[in-house]
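You will see two complexes here that share chain A, one where it goes with chain B and one where it goes with chain C.
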Partner chain A sequence: PNSQFLFFEFSWYFFELNVHIGGWSTQVLQILFPISSLYNASYFHTRLIVTVIVLCRKMVLSTNFNLSHLKDELRLCALILSYSPKNESTWSHRRWVIKNLAQHLQDMPELIDKESLLVKDMAEKSKMNYRAWRHRCWLIPYMKTKQVLDELNKSKKWAELHVADNCSFHYRRSLLLALLDGAANREDSLICQSEAYLMWKEELRWNETLIRRYQGRESLWNHRRFLSQWWVQHLLSCEETSLSNESLADLFLSQEIHLLSDCLGAPGDEFGETRVQVELAALYILWISEQDAAVKGKVEERLKSVGSLKEVLARACPEKSRLWTHLLHC
Partner chain B sequence: PDSPDPNTLAAEKSTAVVDGASLTKRSEEEEAMGEQGELAAEKHVRYIVTAEKKKDSFESLVMEHLRASGAYWGLTTLDLLHKLHAVDAAEVVDWIMSCYHPESGGFGGNVGHDPHVLYTLSAVQVLCLFDRLDVLDADKIADYITGLQNEDGSFSGDIWGEVDTRFSYISICTLSLLHRLHKINVEKAVEYIVSCKNLDGGFGAMPGGESHAGQIFCCVGALAITGSLHHIDRDLLGWWLCERQCRDGGLNGRPEKLADVCYSWWVLSSLIIIDRVHWIDKEKLAKFILNCQDKENGGISDRPDNAVDIYHTYFGVAGLSLMEYPGVKPIDPAYALPLDVVNRIFLTKQQ
Partner chain C sequence: MKITALVVLKPSAGGAGGSSSSGGQGSEALVLANATDVSHFGFFQRGAAREFIVFVARTVAQRTQPGQRQSVQHEEYKVHSHNRNGLCVVAFMDDHYPVRSAFSLLNKVLDEYQKAFGDAWKAATADSTQEWPFLMEALTKFQDPAEADKLTKIQRDLDETKIILHKTIENVLQRGERLDSLVEKSSDLSAASQFISKLQRALSFSLHIV
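For the complex of A and B:
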């Protein structure tokens, strides 16, 4: 600790000296960051970064507006983030810069692409990074429908390789919601609507394959909760137009219960993941049935072969009994 | 609250989930918690007091930019453990006021640091502990915060404009403690917070942001203080929150994350505010927190066997306080200050 202490004090002095002489410089940071990283001193980074960001903003505001200045800011942010990927002041500063750039830039799609890619790289090194993914979600309103669809496709592979990263699934949910939003509000609304339907259907199918492949992954089941919520409502509204004996909603619910019984019937494993899978599956069925009274009735009816919802929950998640006894009695 | 089914009650006695209905049950609980591994209160007090004094220590240096918050964490913990008198009140008050910027009305994280709402709340909370709100220019501070409210009702953290629901909570809490909540547009503030509500019942840092226990605490706390809890679907949010309990009894902040002691505060206080705390296993949680102590040197860490820090020491003790751990003062879940301090502020006539 003594040598670290001395290093920090010296670095701070060196940094402040540099500031007084000619403003901040990336070169100074390029020296300080790697060495302080050896000491694993993220708090030091925070202190350093907060000061740097404030200085940057003061300088950018004081000189005449210049595109190249703003692009330097992005480069500085990228440097800082490579050492401190969770630093919110830096992400915030990045957004501040982009907002300023957006007013003058023609090639926003390209900028957004680069930003998205930056977050993807950050996310690789810093898992479940709330700040980084929040930044990626922030870009969505700047995207046109085509870019939203592209992002859904491009981020799919990454999500598959990181099924425990809730942030990436939240990002996908935000993209899907943007499609729905577009379906309501934009000029290409008909395209949005049909695209939304197709993407949703595909997302449900893809999610199920992942659920079956990776046992007991909460983020996968949470994603399914979100997907079913809208999907069931959508199918119920199609009730009148269906021609087959069973309505589309009934068919979907039967499939979901089939998924549940597959989970219930799976052999136990040494890691206890099957048990978690069973718990998550039961809670998922409870989730769907809580969406509205009509759905609840349909679920109970189809569950008969497996047992009542209460029996299933009592077997699958006894520790959560306070939760489900309350919900089932309402 | 609904009356529990006697069968489930019998089955749950072993997990001892308290619904707070009967007094005898509560004291049984307290006894059970006291026996199972103890809170090394004296050690924690010593850890905090030493950290306060050693302004040139390594830990002090790296936390320099948020020392005002560090002061709040340490001092509130001392008060919860009935040991606030272990520090020199006048010295603390003087130091806190040296972080004040009279031109803006805000407090910085340390002497000479730029003002930010984060440290403004911490400063006000520290002064509440010592009953020294008299040293403040409450109107000036209220103006600082009012100036940070945006048109959509959200709040920025400082003049640089970063928006986050954390700042909504901070602004509302600070102004409420200063009896000046009416100075902001409360309706708009509430509207903005409600716009951050997600389909899973939780809240994020901004509209559409991923649900996160820390952000949820901020939104729920803010809605509680402004009397707007009716906007919350308690069953839905309670469900999301009770799923934060991990196998080891600890609480996490989001799905798939590891348990961390700080969530013992954020998840627990939220559950208490929406009256769903009986949905988690409190005994298991208490055990988890107690396992995170360093019983030799004092202090609590984020999870068992990690390095301790002031931040987690505070949240661990605060979490135990919410669960009525013996020897710990009760804490207010919305204001995050000891209950007697909050009562003093609101029940005695203030200017």
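For the complex of A and C:
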């Protein structure tokens, strides 16, 4: 039933556009439609039809260029995506349209805002939609610093309510990296830099709140790995230039070990989530200690209060003891 | 995080329903208040979805003993149920909603229901059609588990009481009961929904075929 609606809408749409675009793409479709309706329009056929349509339109539009046509294309893509949110050729067609629009439009920020919102709606309907989120990441180079910061703020709540969806955290990582890039390369780089540090610190704090609230969520721990890695390096490089005796890196690592011991001390639960949490926490500590020889020493020193990593991992997940032995000897 | 439904029920004192020796319908829990959000289902599936929710809520509530807390994994939902002195609340949440937060919310709903309706429910003999706006508001407000975590008054109680976990809804049923026969006898499910249920079981499709 859905496919039939889709074809009906398509036919109408192309009928309308026939005047603008030129006859031949419509003729192609007029041949395709009856064929596909013979086959009762299976899902596979829908995808095939959509891919062909998109290719046709691309060819036609490159010769017959017009700003309003491009905007029509965006509407068409949104229509297709509402039925088939993971269709890659539609997303890539959308990107092609935006690239062309970018050369002519003054108000890119507004366009990007709308795109972001579209992706958010798509992501709500179809979870873990890698293609939609990748599209959103693709928009980042078009954003100015202010928009990057806005996006970080706007996407925070969504990520919080969908902690299993790694794609949204990947988007946040891309945004944070864009902030760092901006800090390195732009005229307002000092402002960028201080914003980046503030956001990073806040992200670490927020991530810890989520880790404590949602036990055993791998995407949260992965996000923490990303955040810690850069943060520790940043703290270590600060120490080289600072005169104080206090080591911020040491302090940070102590806090991470504290997080691990909290996870270890949590009471067991019927759903096995605490156990997964312990395993993820231990692997996280193992991972950050492997990033840097300096870090490794500091971590091992602080682990003494908790027990060696080997013991912790063995307690958390005894059936993988051979894996732990192998990992810890490398 | 999604809360799909919150249902307040009164389990029948006669014990869990099942075929009585005379072959009539066993007693099932009565629905006192109901709030559902089926907007994520396709338009034509929403009616059936609501019927199933009521059916599952009745079945689980009837088999939750006073003072008991249990959670059942049913398709992509976790169904949480808490019976407090004969008044039962059942919640349908997605897999990621933390269990402790869910039971905090159930406690809150029970408190609010007693505040709003006192003990009137004890005399109920049929499903109630009375509107209770709090339930629908709760459905929206507590989508974020952080809100439920703020209701920490009963945290101590939760830590003391065990929550029974069932991997499938069949595990909740009494010995000798079968889900198919309950579906057939249920007056909640229209003929169409019963047919869908049989079809689902036969073909193992998920309920939302979008």
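By definition in this document, the second predicted complex is superposed on the first by the 253 of 330 C-alpha atoms of A that agree within 3 Å, B and C clash if a C-alpha of one lies under 4 Å from a C-alpha of the other, contacts with A are read in each partner's own complex, and residues count from 1 in each chain.
Note that a residue touches a chain if its C-beta (ideal position, glycine included) is under 8 Å from a C-beta of that chain, and two chains touch if they have at least 3 such contacts.
Small disclaimer: the values here were computed from a predicted structure and weren't measured.
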Chain B versus chain C as contact partner of A:A164, first or second or both or neither: both
Partner chain(s) touched by A:Q215 [first = chain B, second = chain C, both, neither]: second
First (chain B), second (chain C), both or neither touched by A:F271: second
Touching partner for A:Q147 - first (chain B), second (chain C), both, neither: neither
Chain B and chain C footprints on chain A, overlapping residues: 164, 217
Complex contact set, residues of chain A against chain C: 2, 125, 160-164, 213-215, 217, 267, 269-271
Residue numbers on chain B that touch chain A, as the complex places them: 2, 4-5, 8, 11-12, 15, 17, 58, 61-65, 114, 160-162, 164, 199-200, 204-206, 208-210, 212, 235, 238-239, 242-243, 254-257, 278-279, 281
Interfacial residue positions of chain C with respect to chain A in the complex: 1, 40, 71, 95-96, 98-99, 143-146, 149, 159, 162-165, 210
Residue numbers on chain A that touch chain B, as the complex places them: 1, 4-5, 8-9, 41, 43-44, 46-47, 50, 53-54, 57, 88-89, 92, 96, 128, 130, 133-134, 137, 164-167, 170, 174, 177, 217-219, 222, 225-226, 229, 283, 318-323, 325-327, 329-330
